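Here come two complexes built around subunit A, the first alongside subunit B, the second alongside subunit C.
For the complex of A and B:
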C-alpha cells in the first residue's frame, strides 16, 4: 500500500509558493523537502538536510543559482544538487559524492508535483484547463490522507458564479484515495472542483483544491474566501474526528546513502581517459575573431556538477582528446559552454571543432574536473586573462558577481574583435576591463601597475598564453604576492619532456612495484600494470593525474605545480614527470 | 541616549533592537541576567518595572515597560517618515493596535513554549503549542489573502508597520518551542520580506535572508 503511494505523483506545493529567492518547506510521506525555484525557473526538490551536519536546507539561502546552508555555508548547485563550495576548505573543489538527494518536479494545474520514485505520468484531469483554472488556498489538516479523501466526497460548494446561492446539485465525478473530483451545477452555472490530498505524514495531509474556470477579478477573492471558509470548516470536523482515533505511527522515510552511481569506483578494465557523458551541440556560434563557442546539452538526464575553473575533456570525431574550460556561471547547469580558439598550428583539435563539428552533432565528454578551484573568501580577487584564457575566469567572475564579492577581470587581447562572450561580459559590467593592442613591454607595464602594491587577502588568478603567464607570475612575485595567493592554469606544457631516464616506481597502496623505461611515462607504466589513475591533458598542464610522493626525488617536468609544491617533493604529475632517484614510492 | 534593559535571547528585547536598528536610533544596552540569574525579579529591577518583565527602556528619564508599548513610543517619536506608526491615520492605528494585541497572544503561546523547552519553565507545553498553531493559522490565512491583494505586510499600509515587528520575533523563534512553521507558507514568505528590510539585524536563532532578485 505504502509502496504504491510512494510511486505515485503528489502535489507538494502551489506554484505561488515558490517566489524567486525563497525556500519552501515541504513534506511528503514523512520525508521533508527543501523546495526552491532558481532564477532560471527550474524547481529544485531536495532532501531537506545538508550533507554536512544535517541542518534543514529549508532555512538556507536561495541566491538564485545556488542554495547555501545556513549553518556552515556549504553551497549546492541548482539542478544537480551537487556541492560547489565548502567555506572551511576554500582552496579545494568539493568531491562529486557530495551531492544531495533530489526528486523530480513537474508544475501542472498551478501545483508543484513530486514523488519519491515516480512510475508513469502525472495524472491528467479531464475538465481542468491549464490556462483556465483557480488554485485554492491549501488547507493543511491534522488527519490522515485516507480520512480526508473520504470526507471530501461529501464536500459541497456552489459554482463559481453562484457562490451567494444555495441548493446546488453536486455530482461525484471521481474519487480515489488521493483525490476527489466534484461537479457543482446550478442552472447553467457549473464548476468542476478537484481536491487533491497530499499525504504529508501518517496523520497529516494538505487539501489542494483546483477549480475549473478562473472567475473575473471582482469575484476572484470572494470565490477564494468562500472555499477557504468551507474547507476550514471541513478541517475542523476532520480534526475532531481524527483526534478521537488512535495516533498513527509517523512514516519513517528511507534515507538513501550515496547513490550507487556516485559511490562507485571507476572500472578497472577501461583504462585511460573516459568519456562517460554524451552531449549534443545545441548551438555553435562565432563569439570572437577565431573563436567558436559551443553550447553542449545533455542527451538525457542532468549534466554533472561543476565548479568555476573546471574543465572537460572533449573527445573529437577524429579521435583526438582536448581540454576546454567551462565558461558557465553558477547554477547554469542545463548546459556546458566552451570557447575554442582556432590554433594556426592546430594538430587537429581546434581545427576539427571549428570545421567539422556542427549543431546537432553528438560529442563524448568527460565529467568536469577542477584543478583550478576558486576561493570565495578573498577581500578582492584579480583575474588576468590573455586571449582565450578568459574562459575559466569568466566562470569564476560570474560566481563572485553572483555573491556580490569584489573582483576585477583584466582581459588582454589584440583588439575589440578578439574579445569573446560579449553577453556574459556585459552582464558583469564594469568589473571587466579590456586591455587592447598592447605591445609585450606595455603589457608588462600594465600588469606591473595592476599588481602593485600587493594587498593582504587578495587572490590572483591567471590564465593565458605561456609567456604572458610566466611574466605575470614573476611580476606578482616582485610585487610581493605570496605564492599561495597566485593561481594559474596553463593551456599547454611547452617544456621539452626528457623521458630518457628509467627507474622503479613502488605503488604503495596497490602493493606493486613497476619499472618505468625510457620513452614511457609513469602513468602509462601504471596502466600497463592494471592500476588506473584519472588523467586529462596528459602533458603536464591540467593537474588531473597528480599523485602523492612518499619517498624518492621527483624529476618535475610539468607546468601545473607551483615552485613550493615542486620543492616540497611530495607531489608529482604522473603523465610527464619522472624520478631522479632510482626508486620512487607513490601513494597509488 | 536610550538605555535598553536587555536580554540577548529575549524575542521581546530583540524586537526593540530591530526597530531601533531599522530607524537608525542610537542606544545602549544594560544586560539583565534573565536566565539563570533571574535578575528581572531582583529588587533593583522591580523598582524599574514592578511587573518584573523585560524589556524596559529609559529615554532621558522616561521609563517605559512592555515591548509593544515601547514600539509605539519609539516609532511615534523617532520615525521621521512616520510610516512605522502613522499617527495621523486612525484606521491604520486601529489595525496596528489589533495586531499588537495579537503579538501579545504570540508571546503567551509561542514564547511560552520556547521558555518551557529551552529554559525549563513549568508551562503546559501542549496548551502553549496548540495556542500558537491556532494564531499561526489565523495569521497565515490573513497574509495569504494579503498576497492576493498585493498587501505585503500585516496591516493594509504599503510599508511595514510596528505590527510586523511585534509579531515577527516569536514566530521566527517558534521552532525552539517545538512549533513547526511548515504548515504556514505565507508566514514563511512574510518572514523573508521582513528580513529584507533595510537595517534588519539578527539574533541567535533568527537567520538572515539572501538578497531579493534585483529588478
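For the complex of A and C:
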C-alpha cells in the first residue's frame, strides 16, 4: 500500500510558495524536502539534509544559483545538487560525487509535484486550464490522507460567480484515494473544484484545492475566503474524527547511505580518459576574432556538477581529444559553454571545431575535472588572462561575483575584437579590465604595476599563452608573492619531452613493478599493466594524472607543478615525467 | 538498581551534571530531569548535596534538611556543579587541573536547553568550520574559512580524545586587538557528554582560557547544556562574560535543533566527513568502541 503511494505523484507545494530566493520546507510521506527555485526558473526538490552534518537545507540560503548550508557554508548546485565548494578546505575541489539526493519536480495546475519514485505520469485533470485557474490556500489537516480524501467527497461549495448564494448542485466528477473532483452548478454558473490530498505523514495531510477559472479581482478575495472558511470547517470535523481513531505510526524516512568512497575521507580518482557524456551542440557562435563559442547541452538527463576552473575533454569527430575550460557561472548547470580559439598551427583540434562541428552535432565529452581550483578565502583575488586564457577565469570571476567577494579580472588582448564572451563580461561590470594592444614590454610594465605591492590574503590566478604566463609568474615572485598564492594553468606544455630513459616503477598499492621503456610514458606502462589512472591532456599541463612519489627521484617535464612541489620530489605527472633514479615507487 | 528508561549501562554509570551550585537555592527541593527520569535535588549550606528520584513527600520549593534524605542517588560536587548518577559511577570525575589555579575566574556562563542529543552538541563544540557561518564576526568571518591541519589522538591511559594544534582565524581575537588573528585551541573529550576547550588567552601568551561544556541529557534528543568558564580575565564583569557566551550559544541552538536525525549517527556512511572533521570522526569511533547507545544511532543496525 505504502509502496503504491511512494510511486505516485503528489503535490508538495504551490508554485507561489517558491518566490525569488526562498527555500520552502516541503513534506511527503514522512520525508522532508528543501524546495527552491533557481533564478533560471528550475525547481529543485532535495532531501532536506546537508550531506555533511544533517542540517536542514530548508534553513539554507538560496542565492539564485546555488543553495548554501547555514552550518558550514557548503554549496550545492542548482539542478545537479552536487557540492561545488567546501569552505573549510578552500584549496581543494570537492569530490564531484558529493551529491545530495534530489527528486523530480513538475509544475502543473499551479502546484509543484514530486514523488519518491515516480512511475507513470502526473494525474491529468479535464476541465482545468493551465492559464485559467485559482489555487486555494493549502489546508493542513491532522488526519490520514485516506480519511481526508473520503470526507472531501461530501465537500459542498458555490460556483465562483455565485459565491454569495446557496443551494448549488454538486456533482462528484471523480474520486481516488488521492484526489476528489467536484462540479458545482447553479443556473449557468459552474465551477470545477479539484482537491488534491498531499500525504504529509501517516496521520497528517494537506488539502490543495484548485478551481477552474480565475475570478475577477473584485470576486477573488471573496472566493478565497469562502473556501478557506468551508475547508477549515471540514478540517475541524476531520480532526475530531481522526482524534477518536488509533494514532497511526509515523513513517520513518529512509536516508540513503553515502558511498563508501566518501565516507572514508577524501582521495578519489579512478577514471581513465573516458568520455561517458553525450552532448549536443545547441549553439555555436563567433564570440571574438578567431574564437568560436559552443554551448553544449545534455542529450538526456543532467550534466554533472562542475566547479569554477574545471575543464572537460572533448572527443572530436576526427579522433582527437582536446581540453577546454568551462566558462559557466555557478548554477548554470543546464549547459556547458566553452570557447575555442583557432590555432593557426592547429594539428586538427581547433580546426575541426571551427570548421566541421555544427549546431545539432553530438559530441562525446568527459566529466568536468578541476585541477585549477578557486580559493574563496582571499580578501581579494586577481585574475590575469591572456587571450583565450580568459575562459576558466570567467567561470571563477562569476563565482566570486555571485558571493560578493572582491576580485579584478585583467584581460590582455591585442584589440577589442579579440575580447570574447562580451555578455558575460558585461554582467561582471567594472571588475573586468581589458588591457589592449600592449607591446610585450608594456605588458610586463603593466603586470608589474598590477602585482605590486603584494598584500597578504590576496590570491593570483593566471591563464594565458606560455610566455605571458611565465613572465607573470616571475613578476609575481619579484613582487614578493608567495608561491602558494600564485595559481596558474598552462594551455599546453611546450617543453620538448625527453622520453629516452628507461627505468622501473613500483606501484605500492597495486603491489606491481613495471618497466617503463624509452618512448613510453609511466601512464602508458601502468595502463598496459592494468592499472588505471585518470588522465586528460596527456602532455603535462592539466594536472589530472598526478601521482604521489614515495621513493626515487622524479625527472619532471610537466608545466603543472609549482617549483616547490617539484623540489619536494613527492609528486609526479605520469603522462610526461620520468625517473632520474633507476627505480621509482609511486602510490598507485 | 531501579528500572530506568535509559537501558544503556555505559551512560547509566556515568556522572551527569544537574546544575551550577551557585544557582541552586540552599536547603530547598529543586526538580530536574536526567535520562528521562524525574529527579529532585537539594544543596545544604555547607555544600552537602543530595539527589533522589522525585517522590510526593518532597515537592519543588519545599524546605529540606539535606542530611535527612534517605534513598539518595550517588551525587558529588565538581567544577562548581552538582553531578549525579543513576548507576554505579566511578569514584572520580575526569580532571581539569586548571580549575584549581587560584588566579582564574570560575563561573557558570550559561545553562541552555537544546532540543538535540548530547553527542550532536558535543560534536558542535569540537567543530571549528562553522565559526564563520554561525558565529559570524565573533569566532570567525568569511572569507577566512579554512580549517588547517590539526592532530587528533585518543589517549589510552586517560581514555579521552585530544585534538591539538587547532588554529582558526578569529576576527576579534581579544578586546585589545582591532584586527583578526589566528587563535589556537586544544580540545579534550574526557566523557561521552562533556568536552573541555583550551583557547590561547588574550592576556597571557603562555596560558590558556578553559571553557568546558557539560551536557545533562534530559532524553535521547534533548539536553541542558552547562557551560563552565575558568579564565584569566580580571576586567570584565560576570554579566559581560556571560552575555558573550550566551550569544554564542544562542547562535548554535537553532542550527543544532535543525540537525536531522537528532541522535548522532555512528555509521561512518551516514554522513560525509571531510579532513576538518577529524576530531568528530575520532569522537564517533570512540563512542562506538565504548558501546554508547543512548543519544546515538549505533553503527550496526
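The definition used in the following text is that the second predicted complex is superposed on the first by the 573 of 588 C-alpha atoms of A that agree within 3 Å, B and C clash if a C-alpha of one lies under 4 Å from a C-alpha of the other, contacts with A are read in each partner's own complex, and residues count from 1 in each chain.
By definition in this document, contacts are C-beta pairs under 8 Å (C-beta built on N, C-alpha and C of every residue); 3 or more make two chains touch, one makes a residue touch a chain.
Just so you know, these numbers come straight off a predicted model, no measurement behind them.
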Problem set entry | Contacts of A:64 with subunit B and subunit C, given as first, second, both or neither | first
Problem set entry | Which of subunit B and subunit C A:379 touches, first, second, both or neither | second
For this session: Look at A:340 in the shared chain and tell me whether it touches subunit B only, subunit C only, both, or neither; answer first, second, both or neither.
Result: neither
For this session: Tell me which partner A:225 touches in the superposition: subunit B (first), subunit C (second), both or neither.
Result: first
For this session: Report for A:22: first if it touches subunit B alone, second if subunit C alone, otherwise both or neither.
Result: first
Seminar exercise, completed: After superposition on chain A, the subunit A residues reached by both subunit B and subunit C are 32, 59, 70
For this session: Could you pull out which subunit B residues touch subunit A in their complex?
Result: 141, 144-145, 147-149, 181-183, 185, 188-189, 192, 207-213
Seminar exercise, completed: Interface with subunit C, subunit A side, in the complex: residues 32, 48-49, 51-56, 59, 70-73, 86-91, 98, 255, 257-260, 262-266, 376-379, 405
Problem set entry | Residues on subunit A engaged by subunit B in the complex (per definition of touch) | 13, 16-17, 19-22, 24-27, 32, 39, 59, 61-64, 68, 70, 137-138, 140, 206, 220-221, 224-225, 228, 232, 404
Exercise. Touching subunit A in the complex: which residues of subunit C?
Worked result: 123, 128-130, 132-134, 142-147, 254-255, 258-261, 265, 267-276, 281
